[in-house]
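Supplied in structure tokens, the structure appears directly below.
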Amino acid sequence: MSVSPIRVTVWGENVHEQRDASVKELYPDGMHGAIANGITKNLGDDVVVVRTATLQEPEHGLTEDVLNQTDVLTWWGHAAHGEVSDEVVDRVQRHVLSGMGLLVLHSGHFSKIFRRLMGTSCVLDWRSDNDRELVWTVAPHHPIAEGVPSPIIIPAQEMYGEHFDIPQPDELIFISSFTGGEVFRSGCAYRRGHGRVFYFSPGDQEYPVYHHADVLKVLANAVSWAAPASREREAPSVSRRPTGWYETGESLPTADPRLAQS
Amino acid sequence: MSVSPIRVTVWGENVHEQRDASVKELYPDGMHGAIANGITKNLGDDVVVVRTATLQEPEHGLTEDVLNQTDVLTWWGHAAHGEVSDEVVDRVQRHVLSGMGLLVLHSGHFSKIFRRLMGTSCVLDWRSDNDRELVWTVAPHHPIAEGVPSPIIIPAQEMYGEHFDIPQPDELIFISSFTGGEVFRSGCAYRRGHGRVFYFSPGDQEYPVYHHADVLKVLANAVSWAAPASREREAPSVSRRPTGWYETGESLPTADPRLAQS
Amino acid sequence: MSVSPIRVTVWGENVHEQRDASVKELYPDGMHGAIANGITKNLGDDVVVVRTATLQEPEHGLTEDVLNQTDVLTWWGHAAHGEVSDEVVDRVQRHVLSGMGLLVLHSGHFSKIFRRLMGTSCVLDWRSDNDRELVWTVAPHHPIAEGVPSPIIIPAQEMYGEHFDIPQPDELIFISSFTGGEVFRSGCAYRRGHGRVFYFSPGDQEYPVYHHADVLKVLANAVSWAAPASREREAPSVSRRPTGWYETGESLPTADPRLAQS
Amino acid sequence: MSVSPIRVTVWGENVHEQRDASVKELYPDGMHGAIANGITKNLGDDVVVVRTATLQEPEHGLTEDVLNQTDVLTWWGHAAHGEVSDEVVDRVQRHVLSGMGLLVLHSGHFSKIFRRLMGTSCVLDWRSDNDRELVWTVAPHHPIAEGVPSPIIIPAQEMYGEHFDIPQPDELIFISSFTGGEVFRSGCAYRRGHGRVFYFSPGDQEYPVYHHADVLKVLANAVSWAAPASREREAPSVSRRPTGWYETGESLPTADPRLAQS
């Protein structure tokens, strides 16, 4: 079972909300606010404790302390991926590899952290023209798909289309279609180190997607799925082992000269 | 079918060969020389054209020109991963995502380029104490396993043991065991963008592994497998698409403002 | 590389062609005839040798001899899956596990042989109402996707929709969308034993899909991909091994009492 | 989360226990008894309710009623795979595809049900000569690996070696090595339909493996992992869908003529 309560940090770029009247109107509390509310509503106060953090805060609100107290981080960014400091990206990656769960949302496909964890360009096709999106479940008994209809009908959305340059997902959970006929692997789960990563594409600042009950249900399911089993944040490490070490429990110090070049 | 002939660049760090008498003696032409010879011997002059490149050369011998003329790059590094410039790593990654094949060998698991393409730490357990390594084939009809015995017996080798922090391979081809009882996923294949990546662990500067006929056969097979079908190096790209574009072939310019933040 | 020439057997149920005037008109040589012609046209007489076989023939045209001389078998069935004898299905499975390639087409998802190799029910959603199908490539540099546009536009087709109860494909190559908004994993590749299996969904007896140039190109690519490297048909087998057998090459007889219960 | 309590049926062939004095002595309650006790001890009476069933019972103790009240079934067989009736195998497969979890143990690799769900021959190499088995974890944060050391040391065991003719696991969790140097993918997880399947190789009637604390811990973890989220046993089914059905919820009857040939 996972940690309880699950401590969630909802990270929002918070640029469009400040800059674009249309977005401010759709999301008075920011997309991060809407997402945080949705997760709390779905899982309940005894199951989850949710906070938000934004780009503009010192260290983008993602200090070592904050991450040590985060079981699952959600990430939405779009206009300012380049402004996220490499130092914070390194820190987030280290925490994911050490067990922290990560949900990457929509245009977050182009974030430094998602591209870092995937190793690919993460490019795709797109169009913002009020397509209707249908999110179909291809893994019906996966925990992330629990309690959501197939298809989820999102009346107005930005189209994302293949080819989506990602590694083949460890588990493919949702595939979307759009009015224009495009398809997209919209729900993709990965393991990276000790952590779980889930990419979910629906959501755009110009559409009320983060008020959609089924979308919020998926995010809540994904938080539960991505939460680690333990609060111990242990990074995978190099170990130099003498022969038969497991018979005696003996191992050489883990401080390894090769770690210097990481 | 793949390009013909396959143009291979064998990249070697060339530090141990210069620094350690034992390595210079084992590998008078460098490990990169032994690997290059082995590939040519196995595939033949009409199938493959092999060159070498080393860390010490300008741009580590991996200029834009060289990579444009490389169908498959092999990579061995150990003591100087940190000295490989980020600019060259970016360039190599771009070429892999655009179709260039990549073979990563032994301690190359800790290279910047492998960690970049995997997104994980790539750490492992190790011991250099003359273990015998047995390389077992778990995908017997995979092209990379063609014509090699199972197990391949390597009388003396450095032990690599699990947990090897890599993403689950798209295809697992070899698993090794060592005298001390450790196991290791020693042959792992991945797709990254348009390119194919194969990691093969046997090989250490203190042991004559790159003179082993079966090991060289695997590397030759892997070169054939990783070679792209075309010399056109096309990177995956973002495209903005109007509705029904595929009916008319119309698409907006590929110059997309979001590419600036890559 | 694979065997040359590739010997292909195109198996057709040949029931609709006899029974339904509309089908006979669309496919005067049967769907199997159209498929066979398409493969030959695409690959050429020096690369491939194609024969057909039908349900009505003795042993459904798939005797031990025929299968021994078949490198890749294609399978289309719909109305008479239950009439295929279990003995022939056992034989085909044995040959696939021993190295023969298999292409399963459209309603062949419900064939005994496909369900045998998948282990699942292979059910799906469907509708026959002239949907337009768009076949999108999600693995653009996979050999099976070579030389076909993305999307392939099929003006009129039977809709197949998720949830498609198959094991997660080893490689997902195509995803289709339909006018009604449904999506379907339309190009799925698997390894089973020593053989390669590719399922491709477009194709229905009431629509001229097997005259579509891009569809036939995919089938030709898939034949090349699925063809084994050798004509030796070796089944995976149980072996009892003495300790250190690989040092001496000694092994006990492969005749193993447990094989009796297969 | 999963059903609570988890109702487990531990199925044992119960032939060796009756026939071989050595086995009767090692396992006075049968291997199924030892496994059942181990699961209950690890998970607790409030989490799990365990029963056993054997080959000799009517319908092998696996009636429709029993399976309807089973959330996870474990399977150990060896000498009498052929005596399991096809009707019971059909029933078990239907329940797994409908959501029941399945753990297949050791020589159960050759059971009708495992071969049915895999679609391959499931053959392997073997030797019964007191090898020491080391079970290494390659997916350290997988729930099935929780609380078990890496490696698990099993002092005396039957050797199972590659090539193990199974489909590539959806998740590979354990790899074993043996004194003789062989390796084996000893912990393999799959999804089949709505159900979860886990194969775990350690365990042989001549060795006290099912009294080993770490082995029993793995089995208990696997029971938790495989348990479905709901007691509703819904089989995947064919549905004929009119255009836009999801807008209105309308669908044609699920009784589909094609189901007759299942």
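By letter and in written order, the chains are A, B, C and D; residue numbering begins at 1 in each of them.
Definition applied: contacts are C-beta pairs under 8 Å (C-beta built on N, C-alpha and C of every residue); 3 or more make two chains touch, one makes a residue touch a chain.
None of these values were measured; they are calculated from a predicted model.
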item: Partner chains shared by subunit A and subunit D (touch criterion as defined above); value: B, C
item: Comparison of B-C and A-C (more C-beta pairs in contact); value: A-C
item: Subunit A and subunit B, separation of their C-alpha mean positions in angstrom; value: 30
item: For subunit A paired with subunit C, centre-to-centre distance based on mean C-alpha positions, whole Å; value: 37
item: Subunit B and subunit C, separation of their C-alpha mean positions in angstrom; value: 33
item: Per-residue overlap in subunit A, given as positions that touch at least 2 other chains; value: 134, 139-140, 151, 161, 163, 168, 170-171, 181-182, 191, 236, 246
item: Residues of subunit B that touch subunit C when the two form their complex; value: 1, 99, 134, 139-141, 143, 146, 149, 151, 153, 170-171, 191, 194-195, 228-229, 236, 246-247
item: Residue numbers on subunit C that touch subunit A, as the complex places them; value: 132, 134, 136-140, 150-151, 161-164, 168, 171-172, 175-177, 181-183, 185
item: Of all residues in subunit A, those that touch subunit B in their complex; value: 81-82, 93, 97, 110, 116-121, 123-127, 129, 131, 159, 161, 163, 165, 167-168, 170, 179-182, 190-193, 235-244, 246, 258, 260-262
